[in-house]
Amino acid sequence: MNSVSVQEADFDVGAEIAALSAGRNDVGAVASFVGLVRADKLAGEGSEVSAMTLEHYPGMTEKSLEAIVLDAGSRWQLLGTRVIHRFGRLTPGERIVFVGVASSHRGDAFAACEFIMDYLKTRAPFWKKEDTPEGGRWVDAREADDSAAARWEAPAG
Amino acid sequence: MNSVSVQEADFDVGAEIAALSAGRNDVGAVASFVGLVRADKLAGEGSEVSAMTLEHYPGMTEKSLEAIVLDAGSRWQLLGTRVIHRFGRLTPGERIVFVGVASSHRGDAFAACEFIMDYLKTRAPFWKKEDTPEGGRWVDAREADDSAAARWEAPAG
Amino acid sequence: MSIKVLYFASLRETLGYSHETLTLPATIATLGDLRAHLAKRGGAWEALDVGRNVRMAINQEMAGADTAVADRDEIAFFPPVTGG
Amino acid sequence: MSIKVLYFASLRETLGYSHETLTLPATIATLGDLRAHLAKRGGAWEALDVGRNVRMAINQEMAGADTAVADRDEIAFFPPVTGG
């Protein structure tokens, strides 16, 4: 019921969400998240991003996503989890990542979905390079992501 | 960019999520939630639910959903919100409710989506009647839902 | 003063009414007054007694017992909501 | 002791290497030893100096400087991740 994919191809959000409850009647809640490429940069910086290229560490990426999903499953009551992360060249508006979590109850589904996203940002070996009019620029790790992940380090509620 | 529907018909989750970022490149995050009919009842009770009928208060329902969406928009930085709630007869595994929230940042999208669901459970005038082998039974309001909504009463973080 | 009153869900079934139009005596100023007035009908209407878990709305907004009732208001009585 | 070393993202570009296979002297016992050994190559390799923000993995798991390095390990150096 858990599945992780790292791929260049786009994915079908509706089909992925439907698959999390297909053929069963104990799923009451599916929380999901889609991350997309933003053209605008962080406040204070100037130029537009025309495209980005996501590099990853094949093998370790899948392993780390599977570990994150397993960790979520030990913290909340989940009935299924789906993670898809793309790599390669992506333009503004394109989907980058999908996380979908099925549970009997919405509290568990929401918490696990947000947890997986927070950890994915800080643990999964992906690196963004933005193509700007001034050339390629590797994105720095953001402190906001580190602190978002850190709040899960306390004993699970 | 905000839209609320109360309808008998099912909805297309993939199309709704896609619409929240279609034609724009400032959306970095779409958090969404799908609520489904569960066949199993709460722990401790016995029988299976074969179907349910959702009654609502036409007019007030739309008004209350729009108020909840507006409230969410005043608490977080959102770029679009979509709420769909079905009424009428629904069988196990069927979709009941959809909430989708677009934002630049995932924290705002997640928080607003969960906030809308919590309030929707406690404020929107919907009532569930379950068809069981023993006959129709109106579902009681659950304390868990009241306390989930109450945590948002504190000053917004 | 003429108002419309709606009843929903289990309350609608208990009372056997989905809606009614009422002309109110001048003694009824608030939603709480109206509720007591209806509960006094007795029988099934005791479901509106003060101790019962009934929610109220005026013109499609949740309202408390102290809220004033005005001519042509749309008033609703219903159990706690159980949506989503 | 023979190991495989991988470099990713900005570090890969700085060093001009995506991977290499190394035979290590016996004095190298830990990941920290290996990092210092590579940084001593000088020039671009100073990007691996202790003060720099570099993450490390052994056999596809994040690892710290004290982690022991063993024969046939797959070791990776990369900047902090920026996925999602």
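Note that the chains take the letters A, B, C and D in the order they are written out, and that residue 1 is the start of every chain.
Everything below uses one rule, namely that contacts are C-beta pairs under 8 Å (C-beta built on N, C-alpha and C of every residue); 3 or more make two chains touch, one makes a residue touch a chain.
Here the structure is a predicted model, which means the values were calculated and not measured.
Graph distance from chain A to chain C, where chains that touch are one step apart, equals 2. Annotation for chain B: without this chain, the others separate into A, D | C by the touch definition. In terms of the distance between Cα centroids, chain C is separated most widely from D. Look at where the CA atoms of chain A average out and do the same for chain D: the two points lie 26 Å apart. For this pair, chain C with chain D, the centres built from the Cα atoms lie 73 Å apart. For the pair chain A and chain B, the distance between mean C-alpha positions equals 23 Å. Residues of chain B in contact with two or more other chains: 35, 106, 117. Multi-chain contact residues of chain C, defined as those touching 2 or more other chains: 84.
Which chains touch which is summed up as A-B, A-D, B-C. On the side of chain B, the complex with chain A involves touching residues 12-15, 17-18, 21, 24-40, 92-93, 104, 106-107, 109-110, 113-114, 117, 148. The touching residues of chain A, when paired with chain D in their complex, are 35, 54-57, 59-60, 63-64, 85, 96-97, 117, 120-129, 138-142, 145.
If you check the complex, the residues on chain C that touch chain B are 6, 8-10, 57, 60-62, 76, 78-84.
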